[in-house]
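Next come the structures, one after another.
In the two assemblies presented below, subunit A is common to both, partnered first by subunit B and then by subunit C.
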Partner chain A sequence: MTFVDRLLNVDRRIIYLLVFVAAVIPFLFPVDIEIKVTPEVRSIYDFIENHPEGTVMMLASDYDPQTQAENDPQARAMMRHMFRKGHKVIVMALSQDGAALTEMMTNSVSKEYGKRYGEDYVYLGYKPYPNIIILSMGEDFRLSYPKDYYNTKLDELPMMRNIKNYDDLAGVLEVGGGNVSTMWITSAVERYNVKLAVAVTAVSGPQYYANLQAGQLFGLMGGLKGAAEYEMLLKDEYIRLKAPLKAIQGMNVQNFVHVLIILLTVIGNIAFFYKKRIGS
Partner chain B sequence: MDKAQLIAIIWNTIAAFFTISVFSFMYKDNFMYKIAESIVVGISAGYFTVLLVWTSLRPKFWEPIVNDHNYWYLIPGLLGLLMYFRFSPTLGWLARYPLALYIGIGSGIAIPLQLQTFVLTQVKATILPIHVMVDNRINPEGINNFLIVVFVITALIYFFFSLDHKGIVGRSATFGIWIIMIGFGASFGYTVMARVSLLIGRIQFLMSDWLPIVK
Partner chain C sequence: MLKRQLPMLIVSIVGLIMTIQYFIPHPFSETIYNYALDWLIIIGIFAMPLGIYSMVHIHVQKVARKQTGWGYSVVALLGLFVMLALGWTPDCLKDGTFFMRLFEFVYIPIQATMFSLLAFYITSAAYRAFRARNILATIVLVSAIIVMLGRIPIGEAISPHIPEVADWIMNVPNMAAQRSIMIGLGLGAAAIAMKIVLGIERSYMGMD
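What follows is the complex of A and B.
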C-alpha cells in the first residue's frame, strides 16, 4: 500500500483523535483572538441597551441539552445584559427537555445581580404544543400560563399584574435549537407584530437570514460565534462578574479545529486527484 | 469540604462518566456506550411524562374540573381518551374523531400563517430598489439588492421545468444551481461549526467544570 493509499484509507479514529487534540490545545495554551461583531448581533445589543430601565422583555428559552453548548452562552449573555440594564424579564421554555436547564440558567444569572423573583423576573416554565402557546399568549398570558413554574398564580406576582399579552412587552428574545424559532416568527411576528430576535444554533442560522432580510426579525445570533460576539460586547461586565467567557473560549477552539478540518480536506483532495491522475 | 461541594463533585463526576462513556463510541461500540444510551432514553421518557402531568394534565384538565367544577373540560378530556382506541382493532375508528378535529384546527391555524410568513412576506422582501441614492450619492445597498433579485430569480429558474433548460433559460438555470451550491456550502460550514461547538461544550465541561473540582 502506497503512502497515498494510506492517506485515503486513514482510520477515522485517527481523525477523531486529531480533532480531540486540536480541541484541547487552546485550553492549555489560550490564544487571544479578535471577534468582530456583526450588525445582526449588535442590533440585539442595541435593542436591550436603548430601552429605558424597567422595560419588560421576554426571554423564550427554547433549547435543550443537545444544543446547550451553543444556546446556553447566548441566553446567559442576553439575560445578563437585560439585568444590567434593569429590565424586567419574563422567562419561559417551550422545549420539554429544557425546562430544568432554563430554570438553572435563570436562577444562576438572577443571583449574580441580586434580582428578586416575581418583581424583577418570573419563570413561566414549560407547556406542550409550542405553536398554540405562542398564539394564545398574544391574547393573554394567563390562557396558557394561569400559574408560573412554581405553581403561583400570575396575578399574585407583582411584576405580572399589569401584563396581559405581547402588547405589554418591548419584544421577545428567542433562544432555540429547533423549529420553535420558526413558530415564533409565524405565530408571534406575523400574527401579533411582535418585535422578535432569535438566537439559534449554527445549523439553523443560515435559514433565518431570509427572515432577517425580510424584516421579520430585528436581530439574529447564530451559534457559538454569535454568542462570542455578544460576550465581546459585554466583556467588561463578564470580567466584573468573574463569569467565564465560554463562547469566546469556544471560538478559540473552533479556530484550531477548523484549521485542522481544512488541512484534512485539502490533503484528502490532493491525494484523491493524485491517485486519479496516475490511474491506479 | 461542605455538603454542597460534595454534591457538586458527585453529580459532575456522574456527568463526566457519561460524557466519556458516550465518547467511547468513537473508538468502537461498547457496553458503556449502550448503558449511557439506555439511561438517556429512559430518563428522557420519565422526565417528559412527569413534566406533562404537572404542566399540562393537572393545571389544564384536573384542576379546572375538580377545583373550579368546570365540567366543559370533560369534552376535550374524552376526545383525548378516544385517541387510545387506535390500539383496538375493532374500535380504532373512534380515534379518527379527535384526529379530525386536531388536523382541522392545526391546518386552519398553520396554512394562512405559513403562507404569510414564507411566501407573501418573502416575495415582498424580494421586491427591492436596485438604484438607491443617499445624499445624492449612489449607495452600495442597491448592489446588494440587485444581487438578491438576480440570485432569487436564477435559483427559481433552475426549478422551472416547463421550459427546456436551453439558451438563456439554460444559462440562467446553471447560474442558479451555482448560487444554490454556494448556499449549501455556507450551510455546511455552519453545520461543521455547530457540531464542533457540541464537542467544545463537553470539553469545556470536562476541563473547566469537572477537573478543577475533582483535583
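What follows is the complex of A and C.
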C-alpha cells in the first residue's frame, strides 16, 4: 500500500483524535482574538440599545441541550444587554427540553443585575405546540399562559398587568435551534406584525438570510460566531460582571477545528487527484 | 357517511371559515379565531397521552418479544417512568431536587454529547467524501472553504476579503437558493391545504 493509499484510507479514529486535539488546544493556550461585528448582529444590539429604559421585550428561548453551546451564549448576551438598559423582559420557552435551561439562564443573569421577579422580568415557562402558542399570544398572553412558570396568575405579576399581547412589546428576540424560528416568522411577524430578530445555530443560519433581506427580521445572529460578535459589543460589560466570554472562547475552538477541516479536505483532494493521475 | 363524508365536511367548512376569517379584520372574525385557537390547544392535549401510549406500547412489545436491542427499550421505559414519577409535583422544578439533578447532570450532557459528535463525523466525512470530482462539486467545495474561513477570525487575518466573499456567498447565491426552496415549499403547502379543504387530499384520514 502506497503512502497515498494510506492517506486516502486513514483510520477514522485518527481523524477523531485530530478533532479532539484541535478542540482541546485552545482551552490550554487561549488566543486573544478580535471578531468583526456583522450588520445583522449590530442591528439587534442597536434595537435593544435605542429603546428607552422600561421598554418591554420578549426573549423567546426555544433551544434545548443539543444546541446549548451555541444558543446559550446568544441568549445570555441579549438578556444581559436588555437588563443593562433597564428593559423589562418576558421570557418564555417553546422547547420542552429547554424550559429548565431557560430558567437557569434567566435566574443567573437576573441575579447579576439584581432584577426582581414579576417587576423587571417574568418567566412564562413552557407550553407544547409552538405554533398555537405563538398565534394565541397575538391575541392575549393569558390564553396560553394564564399562569407563569411558578404557577402565579399573570395578573398578579405587576409587570404583566398592562400587557395583553404582542402590541404591548417593542419586539421579540427568538433564540432557537430548530424550526420554531420559522413559526415565529410565519405566525407572529406575518399575522401580528411583530418586530422579530432570531438567534439560531450556525447550521440553521443560512436559511434565515432570505427573511432578513425581506424585512421579516430586523436582526440575525448565527451560531457561536454571532454570539461572539454580540459579546464583543458587550465586552466591557462582561468584564465588569466578571462573566465568562463563552462565545469568544468558543470561537478559539472553532478557529482550530475549521482550519483542521479545511486542511484535511485539501489533503484528501490532493491525494485523490494524485491517485487519479497515477491510475490513468 | 359518518366515517368518511362527515370528517371531510368538517375539515372543508372549518378550512374555508379560517381562510376567509384571515382576511376580515372584524371583532366577530377575531372571536371565531380565538375560539379556533382554544380548540387547537384542547385537541393538541389529546395527542400527548396518545404519544405516551404509543411509545410505551412499542417498547413493551420489544421487551416482551426480546427483539434486537430490547435492553435499550428497558432504559427508555425506565427513563420515562422515573422522570414521570419524579416530575409529578410542581416542586420538582426547584433547584437541587433529584429531578433537576437528573436533568442537569444526565440529560443535558447526553443531549449535548449527541450534538457534539457531529463535529467528529463531519470532519471524517469531509475528508473522505468532499472531493472536487466535477465543476459543481468544485464550486461547492470552494464555497464551503471560503465560508468556513470567513466565519472564523483567522479568515480575516489571512485576508480581509475572505469574510466579505463569505458574506456575499451567504447573501446572494445562498439566499437565491433558499428563496426558491421557500417559495416552492410555500406553494406546495398552499396547494396541499387547498386539496385538503376541497376533499381531494384524504391521506390524513388514512385514505389514498
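Everything below uses one rule, namely that the second predicted complex is superposed on the first by the 279 of 280 C-alpha atoms of A that agree within 3 Å, B and C clash if a C-alpha of one lies under 4 Å from a C-alpha of the other, contacts with A are read in each partner's own complex, and residues count from 1 in each chain.
Keep this in mind: contacts are C-beta pairs under 8 Å (C-beta built on N, C-alpha and C of every residue); 3 or more make two chains touch, one makes a residue touch a chain.
Small disclaimer: the values here were computed from a predicted structure and weren't measured.
Within the superposed three-chain model, A:246 lies in touch with subunit B and out of touch with subunit C [touch as defined at top]. In the superposition on chain A, A:61 makes contact with neither subunit B nor subunit C. Judged by the touch definition given at the top, the superposed model places A:69 against both subunit B and subunit C. When the two structures are aligned on the shared chain, A:110 is found in touch with neither subunit B nor subunit C. After overlaying the two complexes on the shared chain, residue contacts for A:259 are found with subunit C alone; subunit B is out of touch. Shared-chain residue A:102: touches no atom of subunit B or subunit C. Legend: residue contacts after superposition of the two complexes on their common chain; A:272 is shown touching subunit C, with no touch to subunit B. Of the two partner chains, subunit B is the only one touched by A:190; subunit C is not. Looking at the shared chain after the overlay, A:147 reaches subunit B, while subunit C stays out of its contact range. Shared contact residues of subunit A with subunit B and subunit C: 16, 19-20, 23, 66-69, 97, 128, 132, 135, 202, 206-207, 210, 213, 223, 225, 254, 257-258, 261. Contacts from subunit A toward subunit B in the complex involve residues 13, 16, 19-20, 23-24, 27, 66-70, 96-97, 99, 125-128, 131-132, 135, 146-147, 182, 185-187, 189-191, 201-203, 205-207, 210-211, 213-216, 222-225, 244, 246, 249-250, 253-254, 257-258, 261.
Across the complex, subunit A is touched by residues 26-27, 44, 47-48, 51-52, 55-56, 59, 109-110, 113-114, 116-117, 121-122, 124-125, 148, 183, 186-187, 190-194, 196-204, 207-208 of subunit B.
Contact residues on subunit C toward subunit A in their complex (touch as defined above): 30, 33-34, 37-38, 40-41, 44-45, 48, 90, 93, 100, 103-104, 107-112, 114-116, 119-120, 122-124, 126-128, 130-132, 141, 144-145, 148-149, 151-154, 156, 163, 167, 170-171, 174-175, 178-179, 182. For subunit A in complex with subunit C, the residues that touch the partner chain are 10, 12, 15-16, 18-20, 23, 33-36, 38, 64-69, 97, 100-101, 103-104, 128-129, 132, 135-136, 139, 143-144, 149, 151, 202, 206-207, 209-210, 213, 223, 225, 251, 254-255, 257-262, 264-269, 272-273.
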